[in-house]
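Residue numbering begins at 1 within each chain, and the chains themselves are lettered A, B, C and D in the order written.
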Amino acid sequence: MLATLSFEGLAQQFIYGIQLGAIYALIALGYTMVYGVLKLINFAHGDVYMVGAYLAYYTCSVWLAGVAVEPHLMLVIMLLVSMCGCALLGLLIERIAYRPLRSAPRISVLITAIGVSLFIEYAGKLFFQTSPQPSIKESVNVFKDQIHLGRLEIAQSALIVLITTVVLMCLLWYFVTRTAMGRAMRAVSHDFNTAALMGISVDKVITITFLIGSALAGAGGMMQATSVGTPLSTFYGLMPGVKAFVAAVLGGIGNIPGAVTGAMIMAMAETAVKAFGYSNYTDAVAFIILIGILLLRPGGLFGAVTEKV
Amino acid sequence: MPLEAAALTHQRFSSGKFWLVRIVSIALLVGIACLFQFAAVPHMGIYDKRLLISAMTFASLAVSLNLINGVTGQFSMGHAGFYMIGAYTGAKLTTTFYDRHLMPDYAWLLAVICGGAVMSAFAGFIVGLPSLRLRGDYLAIVTLGFGEILRVVVNNQDGGDKSLFGLNLGGSYALDMPRGSRISELAYIFVFLVITIAICRNLLKTAHGLAFLSIREDETAAEATGINTTKFKVTAFVIGAALAGIAGVLMAHYNGSVTPNDYTMDVSFLLVTMVVMGGTGSITGAALAGISLKLLEESLRSVPDIPAVNLWAAVVVAILFAAVLKRGGLGRVLNAPALAVVRIVIAELTLLLIAYMVFKLWHTQMSIVFKVAASLVFLGCAAAFHARDNVRKALPTFGYLVTCVAVVLLISIPLASAFHKLPLLQKLIGDTTYKATDVRWAFFATALVITMLVRSQGLFGHHEFSWSFLGRSFGKRSETVEASA
Amino acid sequence: MKETQTPILSIENLTIRFGGLVAVNDVSFDILPSELFGLIGPNGAGKTTCFNMITGVYRPTAGEIRFQGSSIIGLRPSLIAARGIARTFQNIRLFGALSVLENVIVGGFLRRKTTLFESMTLLPSAIKETSQFASAAMALLEMFDLADLADTRSADLPYGKQRRLEIARAMATSPRLLLLDEPAAGMNPQESEELMRDIKRLRDEFGQTILLIEHDMKVVMGVCEKIVVLDYGAEIAQGPPEKIRNDPKVIEAYLGEPV
Amino acid sequence: MKMTRITSLWISAVFGLMILGCGCGGGSKDGSSNEGTGGGTALKGRELPTEPGNSAEGDTIKIGMIASLNGEQQPWGVDSQKGGQLAVDEFNAAGGVNGKKVELIVEDTNSKPEQSKTATEKLVGEDKVLAVVGEVSSGNTLPAAKVCQEVGVPIVAVGATRIDVTQQGGAVFRACFTDDFQGAAMAKFAYEDLKLRNVAMLTDKKLPYSTGLSDVFRKAFESMGGKIVDEEFYESGNIDFKPQLSNIKSKNPDGLFCSGYFTEVGPIARQKEAVGLNVPMFGGDGWDSTQLLSSGGSGIIGGYFANHYHNSEKRPEVQEFVKNFQAKYGAPPATAMGALAYDATKIVLEALKRVKEYNSKELLTEIANTKGFHGVSGTFDIGPDGNAQKPILVLQVQKNGFVPVKQIPFFVFQK
C-alpha cells in the first residue's frame, strides 16, 4: 500500500530528509573521525549527543531560567555550552576508558565502548531529570515560523539547523585539510605507527579528535532538541547514535565527506520509508541499509578495502 | 590439557566400554532430572522455579553465545534475536496446532523444539553469512541490527494490513498461547542446559573444536592451514542460534506468552556481558556468569533507593583507594612478607564476615535459590582464600579484591556521615536518593570497563573452571611477587 | 632425468596490480618435485605478494598458476591448502592461546574423516581421530625439537621456536609444496644454521618440495638449488645459486649501483 | 559431504518456513473472529481458577502490587505505587479489618513483561499475598494475569485498558475502562460533538495499548459513518514525525487521533504546527500528564482526550483524594494512575471487609461482587467480564491545564 504522493509532497519530504540528515551528519562526523584515527567504534558517541541535548535543556530552563537573555543570544549560548560540555565529556571518556586500552585487542576496546555507553546512560539517569522527562520549551525556539516557498513550507529552524551544520562542517573541513593539526590527524589515520615515529604526538591528535567529534555531536544534540522539542531521556542518543554510525559506515568509515553523504542518504531513506506509508518499519530500514552496504561494498561508498597478510 | 584428556579417555575406554559409559551417563542425567522433577520441584514455590528457570535459560544462552563469541571469535550482539525466533516459532506452532489429544505433551514439545531449532538455525545461517566478509566491530553492529530488525518486524505482525504476509504474531502485545499449553518443565530446561554444555565441551575436546578456536586466534593462518573459515564461522552461528532457539521454545512454553519487548537489545547486551565477564571461550565461565548475573539482577530488582551521600562517599573512597593502589606503595605494603599474620587475620576476618552474612541470609525470608547461591559464593570465596595457602606469602588476587571492597565500605561509612554535615554538600545533594536499578546498571557498566582494563579475557580467561585452576588463578599474585623478589 | 620431470608448481606470466601499482609483473618459473627453490629480492620486490597469489589470498590480475597440472587460480586459501600447498608467514601467525601441540593438531585437521556431529556427541570415532592427530602431531614436534614444550601456550614460546612451530604446523598438513616466508628472519646465526639444517633434512628425508623467501643470502645460497630474483615486481634473474651470485643485475638490485 | 549438509540445512529451513506458513494460514482462519488479539484465546465465558490461592495467617493481610518503578513507564508506575500506598495507609488508619492490618508489598517490574511475570510470581509464591494490584500497561499486565489466574489469586489491573487482559480468566479484574469503551467513546465524541467526518490516525506500533485503541476507534468511527483517511505509525522513542504528518496533511483530514503516550504526543503536536496541519487532535488516557503542555507547545492547545477523572472535579471522593495525596507526597498526582491505583487497591480492601475468611478464593468472589463502588474515578460496578463499568471524562487541553468538557456514560460497543 503505497501512499500516493504529489510532487509537492515529495519535495516537502525531501526537505524533512535534509534536515534530519544534517543532524545525522553532525553525529556521524564524530564516529568517522574517531574511527579514522583509533580504528574504534566509539559506542558512547550517541550518548555524548544525548548529553549535548541535556546541556541545552539545562542552560535554557534551569541555569539561565531567571536571566533575561535575548532569545537569539540564548540559542548561541546553548550551542556553545553544549559543544564545550560535550567536548569535555569526550575528552574524559578518551582519557579514562580508551587510552589505557590503546594496545589491547579490538574486541576488548569495543566492549569497553559498550560499557562506557551503558554507564553514561544509567549513571546519567542519576543526575539528569528523567521523570517526568524534560523538554525544551517552545519559547526558546525563536525560529519556529514557516517560510513559504510556493506550496512548500520550510520551518525557519530547519534552515538554521542546516546553515549551522554547513558552517560547522566547513570549519571542520578547513581544519582537517589546511592546518598542521589537521594534517597530523590525517597522517595518524593513515598509519598510526608511522605517524608516531615521524614525531607526531599521537595522544594529542587523538585528544583533539575526540574533542572535535564530541563537540559536533553536542551541537547536533542541542539543535535537534531545540527544534523538535522532544522530551529527553538518557536513551535519547541510542537510536540516533546507531543510525549515525550506519551513516558513517555507508559513506566509508574514516571518510569525512563520506560521512556527510552517508548521513544524507540514511535520512532520505528513512524519510522515504515514512513517506511511502511504511513508517512502522523505519527503525529496521537503517539496519537493512547497513547490512546491504556491508555485504555489497564493505568499505562503504567512498572507502577502499585493504587487507594485508 | 583437554586434548590429552581426550587421548587418555580413548585409551581407557574401548568402544564397547565407551557405549556403556555413555549410556550410564545419559541414564544418570535423566535420573537426576526425574529426581529433580518429582522430588524437588513439587516442594518449590513458583518463584523458586522461576529463579531456576531464568538462571538456567540464561546460562544456556550464554554458553551458546560463547560458542560464537568466545570460541569462534565472531562478535555477535544479536543473540536475543535467535532466542526470539525460537520462542515465536514454538509459540506460533503451539498456538496453531497444539492439541492435547493429538500426542503426549513431551512429544509435542520435542516437535516444537525441532521447529524452533530449525528456524533459529536458519536465521543463524543468514546472519552468519555477513561474517564471511565482516570482522570485529562491523560484525557486532550488523548482528545488533539483525536483532533490532527482527524485533521491529515481529512488532508489526499483528495480522493487520501492515504486517508482512498477513502473519499474526500478536504484534507488540503478545502472542498469547492457549491455556494448557504451558508444557515446559523445569527438568526439560535442566536437561537442555546440560546438553548445551555437553555439546560445547565435546566440541572443544576434539580437533573440530580446535578448528573453531584457530579462527578466533588467527583467521588468515587458519585458512592457510586448510580450515574453511567460512564454513566454520557459519557453523558456529548455526549451532549457537539453534541452541538459543531451543532455549526460546522452552521459555515460551514455560511462560505461556511471548512478547517482542522481552527480546530487546538489552537482552543481547546482558548476554554479551555474561560471556565477556565469564571469560571468552570458557564454557564454565559463561555458564557461571549467566547464572550469577541473572540471579543478581533478580535479587537486586526491588532494592530500596540508595542515598546519594552514601554512594558518593563510596565512590570517592574507591577512587582514592584505587589511586593509592595504583601508585604501588600500598600494594607492596599489603604484600610485605612481614605482614603475613596481618594478612591472614584480615583474610580470615573477611571470610568470617561473609560467613556471618550468609548465615543471616538463611534466616531471612528469601527464596531458597538465593540462599543456596549465596552459600556457594561463600564456598568459592573460602576456596579462593585458602588456595595454595598463599595468604602467607601474598594476598591472593581474589582476597585482595574482597579486602579492598571491605576496606572501601568501612571507610566510606564514616565519610558518608561526615558528608551529611558539610553544608555545601548538603545543599548540593541533600536527601537525594538514587534508583537502585540505575545504580546497578552503572555498576555493571563500570565493572565491564574495569574487567576489560584489568583482565581483558574475562574472569576465567580462556580457561575452564577447575579447582586447580582456581588455585592457580587466585594465587597468581604470589607467583609474580616471588618472581620479582 | 630431472629435465623430463613435470613441474609440481608452474607459474606463467603472473601479474597483479593494486590500483595503479604493479606489484608483480610477468613472473614465470617452474618448481620441480623435491626441489629447494628460493625466491629473493630486495624489500618490496613482490615476493610475499607472489606467495599470497599462490596461496589464494590475492587473485592475480593476469597469468596462470598450475599446481600438479591444474590451475589453482580463484580457489580459496583453504582449498589450496587442501590441494597440498602449505605456508608460513613473514610475521609469525600462530594460534597464540592454543598450546604448541594444539597448533600442530590444527594443521592435521585437513585429514579429518569424522563429521561435526560425531565431535559434538563425542562418539568414539571422534575421540580416536583426535588422539591419532595428537600422536601424529607429537611425532612432528619431536622432529622439530619442540616435544618437551607441547603443553606451552604457543604465544609464550621464544621467537625462534615460534618460527619452527609454524613450519611444523605447515608440515602437519602433509603438503606437497611448502612455502616458507623468511623463515630465518630475526634469528641469530646459530639459529638460522639449525634452521638450514632442518630445511635440508625435510627435503632429504621426506623429499619435500620447498619454495622459500629469504633475505639472508647465506641461508638462500646455502640451501637452495634454484633461485628466482625479483626486483620491483619483475623477474631479473633465474638459475642455480652460483649463477645468481655473479649476475650483475642481481648485484645492482641489491647494492643499488652497477658494479 | 559438505554439499549435502548445506543442502539439508536449506531443505529443513524451507520445511520450517512451510510449517510457519501453514501456521499463519491456520491462525488467520480461526483468528478472524478476534482480530488484534493474539492467536486463539477468545474466551467466551470467564473460567474461574481451579487452584485455591493463598490465605492469610496472623495479624497482617498481605496485598501485593506490581508497578513500573523503572523503565519507560516509570511516571505512571511511580504514581500508581503512591496511590496504592495511600489507600492502604488510609485503610489501616481507619482500623483495618477485624483487627488485622493490611501490608502492601510493592515489586518493581522495570516496565518489562518478563520481569512483571517474575515479580508477580514472587508476590504470589514467596510473599503469599491474597491479591495483586497492578500494572499500568496492558503489555505488562498480561503475564501477571496469567500467573494469577493459574494460582487462583485475584488481580486488579490499574491501567491495563486493552480488551484481552481480563479475558485471561475469572481472577482478572480492572479498575479502568477498556479500550473498547474508550475508543468507541472518543469516536462518538469526535463524530457527534466535534462533528468530524474524515479523521487520520497516528498509532504507536510499539505499544499494545496504542494499537488496541486505534483498532477500536477505527471500527467505531467507521460504523458511525465517519471515514479514516489515513493511518500512520511510529514507535515510542521516535522524535521525528514530520514525514508522517506531512502524509496526513496531504489527505486533508479534519481531525487527528493520536492513540499513543504523551511522551510522543507532545512533539507530534509541535511538529503538526511546523508541518502546517491545523486540525484538532484528540486521543486516549495515555495523554494524561501535565508534561504534555510543555512538550506540546501551542500545537497541543485545544486537543481533547479521554480520561478516568480529573483533579479539579468537584466530587467529594476526588477532592479528598487529591487533598490526602498532596498531604502525603507534597504534590498532586501527576497522572491518572495515582487515582486508578488508589481505586484498584480500594476495590480489594472493600472486598476484604466483606469476606468471612481471609483467603484468595473468598476475596476473588467478593471482588467480582463489587457493586456501586465509590471510587475517585467514578462510581461503578465490576461487570461479569471483570471490567469496571464507568463513565469517561473528556478533557480539553488548555493553556493552563486540562479542563473537563464532557462526561460520556458507560455503554457497550458492539463491533
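Convention: a residue touches a chain if its C-beta (ideal position, glycine included) is under 8 Å from a C-beta of that chain, and two chains touch if they have at least 3 such contacts.
For clarity, every value in this text was computed on a predicted model and none was experimentally measured.
Asker: Work out per-chain C-alpha centres and flag the one nearest the whole-protein C-alpha centre.
Answerer: When every chain is reduced to its C-alpha mean, the one closest to the whole-protein mean is B.
Asker: Select the chain at the greatest separation from chain C, using centres from the mean of Cα atoms.
Answerer: That would be chain D.
Asker: Looking only at C-beta pairs in contact, point me to the busier pair out of B-D and A-D.
Answerer: Top pair by contacting C-beta pairs is B-D.
Asker: Could you work out how far the Cα centre of chain A sits from that of chain D, in whole Å?
Answerer: The separation of the two C-alpha centroids amounts to 36 Å.
Asker: Could you state the distance in Å from the CA-based centre of chain C to that of chain D?
Answerer: Chain C and chain D have C-alpha centres separated by 70 Å.
Asker: From the C-alpha centre of chain A to that of chain B, how far is it in Å?
Answerer: Here the centre of chain B sits 33 Å away from the centre of chain A.
Asker: Going by the touch rule set out above, which residues of chain C reach two or more other chains?
Answerer: In chain C, residues 57, 89 touch at least two other chains, as defined above.
Asker: So which stretches of chain D touch two or more other chains?
Answerer: 205, 233, 235
Asker: Could you pull out the residues of chain B that touch at least 2 other chains?
Answerer: In chain B, residues 152, 155-156, 162, 220, 435, 438 touch at least two other chains, as defined above.
Asker: Where on chain D does chain A make contact in their complex?
Answerer: Residues in contact with chain A: 74-75, 78, 205, 230, 232-235, 237-240, 242-244, 246-247, 250, 263, 266-267, 270-271, 273-276, 289-291, 294-295, 297-298, 334.
Asker: For the complex, which residues does chain D have touching chain B?
Answerer: For this pair, the touching residues of chain D are 2, 9, 12-13, 15-17, 19-24, 26-28, 31, 35-41, 47, 69-70, 106-108, 110, 112-115, 117-119, 121-122, 124-126, 138-139, 142-143, 146-147, 151, 162, 164, 169, 205-208, 211-212, 233, 235.
Asker: Which residues of chain A touch chain D once you look at their complex with the stated criterion?
Answerer: Interface residues on chain A, with respect to chain D: 3, 5-6, 9, 12-13, 16-17, 20, 130-135, 137-138, 144, 146, 153, 155, 157, 224, 228-231, 235-236, 239, 271, 274-275, 277, 279-280, 282-283.
Asker: Which positions of chain B touch chain C when the two form their complex?
Answerer: 1, 3-4, 6-7, 9-11, 13, 15, 18-19, 198-199, 202-203, 205-211, 213-214, 216-218, 220-230, 235, 239, 281, 462
Asker: Show which residues of chain B lie in contact with chain D when the two form their complex.
Answerer: Interface residues on the chain B side: 45-48, 50, 54, 89, 92-93, 95-97, 115, 118-119, 121-122, 125, 152, 155-156, 158-160, 162, 165-179, 231, 238, 255-257, 259, 261-262, 298, 301-302, 365, 367, 435, 437-438.
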